[in-house]
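Same chain, two partners: chain A is paired with chain B first, then with chain C.
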Partner chain A sequence: MDQSQFDQLVEEICAVQVTDSEMPLVDLGVDSLHTVALVMAVEDRFAVELDPDVLADLSLTSSAGLLKLVHEQLATGANASAGS
Partner chain B sequence: MWTDIRPAAEMPQLFERGGDLISFAGGLPDLDLLPLKELSEQFARLTRLGGRIALQYSTPHVAKALVPAITDLMAREGGSTGAANLVPTAGSQMGLLALGLGLAAPGETVLCQTPAYPGAATAFRTAGLRLHGAPEDAEGLDPSALRATVARLRADGQQVRMLYCNPTFQNPTGATLSVERRHQLADAARELDLLIVEDNPYGLLGFDGGTVPTLQGIDPENVVYLGTFSKVFAPGLRCGWIAAPEPVAERLRRTTEVMALSPSAFAQAALAAFHARGGWDSLIDAYRERYRERCGLMADALEKELGTEGPWRWRRPEGGFYLWLRHEGGADTGRFALAAAEQGVSFVPGSHFGLDGECGDALRLCFSNVPRKRIPEGVARLAAALRGAESGTGPDLGRRAA
Partner chain C sequence: MPVSELFARARAERPGHLALVDATGPLTYAELGEGTDRAAGWLRGQGVGAGDRVVYAGGGDRTFLALLWAAFRIGAVFVPVHPDLTDDQIDHIVRDCTATLAVCPPTAGAAARTTVEVERAAREMARTPADHTTAEVADDAVALLIYTSGTTGRPKGVVCPHRQILAAARAVQAGLGYRADDVVLCRLPLSFDYGLYQVLLCTLTGSSLVLADRDGDVGLIRVIERHGVTVIPLVPSLAQILGLLQRKLRRATRVRLFTNTGARPSPAVMRELLDAFPGSVFASMYGMTECKRISILDPALYERHPDSVGRAIPGARIRVIGPDGRTLPAGEAGEIVVEGETVMAGYWGVPLERQSRYVRRADGSLELHTGDQGRLDADGLLYFVGRDDDMVKRRGVRMSLSEIELAAERVPGVYAAVAPRPADESAPLLLAVRTDLAPHEVRTALARHLDPARLPDRIVPIDTVPLTANGKPDRAAVALLLLAGAAAAPSAAVATAATPVPAALTGSSRGPVAV
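Here is the complex of A and B:
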């Protein structure tokens, strides 16, 4: 999934418009509980488990940051299965 | 020293269970249908990722994440609302008290559909309000007579502020107000400057899947709507909402904040996650099917045990949780409750649904949470209690009937 597709997912779940993938979600009008809902849905969609610290400082969480974490997690998972 | 300024209003004991008792009393949903494994995973994930947020205090607003779950439910019955109109509650019981405290002053009058949900009557009384039965005819709430009743009460100096009703699969009668009547009622209420309070816990539990347009959808600017997740999901999360015109919602937010400080963000987030993942259809369809079956079993058993020739009369409801039986001879069902308890079955005597003890000739049976195999046995016990009590008080009943 590329960034624009991921932005679309954020838009669907959070009912906001992602004008800038790097902009913190809170500045796009996404409140804290909605961010939790988004991360839960992202875990579901990508079958990954994200570090809860992703929500530790909501002023930093952005759509691009979340997708980066997802990709990192997917890569770790792939490496883990390749090594097993 | 403690001074009682007002007698405590009592609620019927609905949720007592245990032993061999078959309870037809409390309106409990059948939680066997909840997908518990899926929920435990979702709740665990919510705690892991969002515990620090969801378990914190929050403001008296419905979380934005939960709004789609609510608008989805309300749209199914023609209702529409938005975040600015929504006030979170810990279930409609809290909503009722909030309405009583926030939208009326002590001593003012609320018109109530009767027989009335006792929790509503108790909430309004606790808020210091006076209750008066709303006029009805064979089709239910009577908009024409309502005009006359309100005029009379106001001429007597009463401030009549609100009309409380539960128009779909009503608790306790199971009755549903026709669409035509709803429009007439909305018109009359607007004309009379009477705010309608629409309590709608059962509207999506029609056995055939059918729905009826809510009053809220008909006149959103003059209806305060009480919604709850208790019957379409589960009551234990204590989560519901009020949908009201914006200025009313703002006022109610202040009242609910005084009552509870903060809604449960965890409950709201859990429900939002459940809805976002799979929507409402499968759980609501499962509930409908379950209650259709239970209602059928109970009604069939009643026909078998009590016959259809009287003295007990009832109608098969088309949705909801309840069957309402009336004794055509006017027997006082409160007197049968003890005999029923001795037989190992419970029901709620009709007088609990009267505003001043009326409806004593009726009783409410709830079929929603009785295991299917226990329903015929429970109804047989009930019939034995009713027959025994009736024969034991024959002469008295004769006088009452005369």
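Here is the complex of A and C:
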């Protein structure tokens, strides 16, 4: 999944427009409920578990930052068997 | 007895017990006590004395608590403000209360005698020697000013004397029964009185407070597990977040009690939450900053009376009055009026004759006219019907917007409903709903709960409910959202198109995909 597809996922889950992949989600107008919903949807889709500590600054995290986290998580292979 | 005595007791009786967990880590009552002694020294070093106002715009953490307890102990007046307020909003509060000290950004606090930034205050406190000063504080001395928005004008400071604060904390405790081994998760801002009273209740019972902020929402279940959280005060959005997380994670927890005040999670959300946390119960409450708490519903009654906000707390007397000011019999809806020990001492700096909410009674005490509409049943259970500024007239029929929202939230599959105030009597009545039903299904179901006069003209699905800083649904923001939606799609499509609902909000799963 590339960045523009991922931005689409963010848009679908959070009901916002991702005008800039690097912009913090909170500045795109994503509220706390939708932030949680987004993380859970991403975990489902990619069959990964994202570390809540790493996500603690999620309000500062952008769509690009979140996708990077997902890729890092997949690369570690910790979830390789469950994922792709 | 001054409020600071609560902390002195907890500190003396349970020094080694966990008082607090914040982002920095855990703190015992003894350790928080040391922090409080240093904060007292620091405040006095800034020239703060009895009766002086201290505005604090920091987040909820050990610095907040140390300053709160220190201010109470030296007889100063603590004025907590939300860290997200703009400089202009803080400036209004600093000026309105003529603050001696403002701990906030320098530009926001310029009108105070002294202004110190939050981080600097924390650093300086850590270096200040302990100061054990305990001032003689009268029961009717002011302990807190809590600024709250009224229907008109800028926010006003509710004057909270030591006597009333203690009475409120004890009455709420009588209703909720926090235990010494409870661990309370507070994810509400401490500038919000519902958050602030978690501090008082925990200290009163010697229990532990875990402070969380919104950035940690994704990890909330882990926090609940790790700290053995037993009690969680809710706002509607938090109820939904916890339900969402727990539906996936399904962790065994020790959570035994959820509480709520103000805008309530819909019955559907609440049912899901109670199911997701087996063994937990729900206490629905009602109150307003002007008298803190008014009523608490015994959790045992929630099943049978889900719409009630419970009975008057000990020391409070509730009556319902008509437009002519006369007390109405049970069953009739009117304005909720409260008198008793928890009614606060009015608004800061506003002459009583200009305070329409507070009315002096014959015995000299104040009675609070809440501006809220409600009814009492024959058993003394209170039902909240709506706010006064909620009341609208349509085609000659008086109705409350909350009444329509609550009816919609009784429809299974509707997670939240917000009815913005129509511009005038002939403007269409819109109802925004977060739901996985189609608008016409909501309408059909709603027609079973509401008479035709109260049925909204249009049902508009929304994906997100804008909230105020305190986590309550923001009607004005919803109105703007609907306006923007109407501009983008001027056809009737707005009224009928169902917006796709995110999988995570409906519980469906699409399964993993390859990348």
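Operating definition for what follows: the second predicted complex is superposed on the first by the 73 of 84 C-alpha atoms of A that agree within 3 Å, B and C clash if a C-alpha of one lies under 4 Å from a C-alpha of the other, contacts with A are read in each partner's own complex, and residues count from 1 in each chain.
Operating definition for what follows: a residue touches a chain if its C-beta (ideal position, glycine included) is under 8 Å from a C-beta of that chain, and two chains touch if they have at least 3 such contacts.
Because the structure is a prediction, the values reported are computed rather than measured.
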Contacts of A:M1 with chain B and chain C, given as first, second, both or neither: second
Contacts of A:I13 with chain B and chain C, given as first, second, both or neither: both
Chain A: partner with more touched residues, chain B or chain C: C
Touched partner set for A:V39, first chain B, second chain C, both or neither: both
Which superposed partner A:A47 touches (first chain B, second chain C, both, neither): second
Contacts of A:L74 with chain B and chain C, given as first, second, both or neither: second
Overlapping contact positions on chain A, where the chain C interface meets the chain B interface: 13-15, 31-37, 39-41, 44, 50, 52, 55
Interface residues, chain C side, partner chain A - complex: 214-219, 222, 237, 240-241, 244-245, 248, 462-464, 466-467, 499-500, 502-505, 509-515
List of chain A residues in touch with chain B within their complex: 13-15, 31-37, 39-41, 43-44, 50, 52, 54-55
Chain A to chain C touching residues, read off their complex: 1, 12-15, 31-41, 44-47, 50, 52-53, 55-59, 70-71, 74, 82-84
Chain B residues touching chain A - in the complex, by the definition given at the top: 42, 45-46, 48-54, 58, 63-65, 68, 265, 268-269, 272-273, 276-277
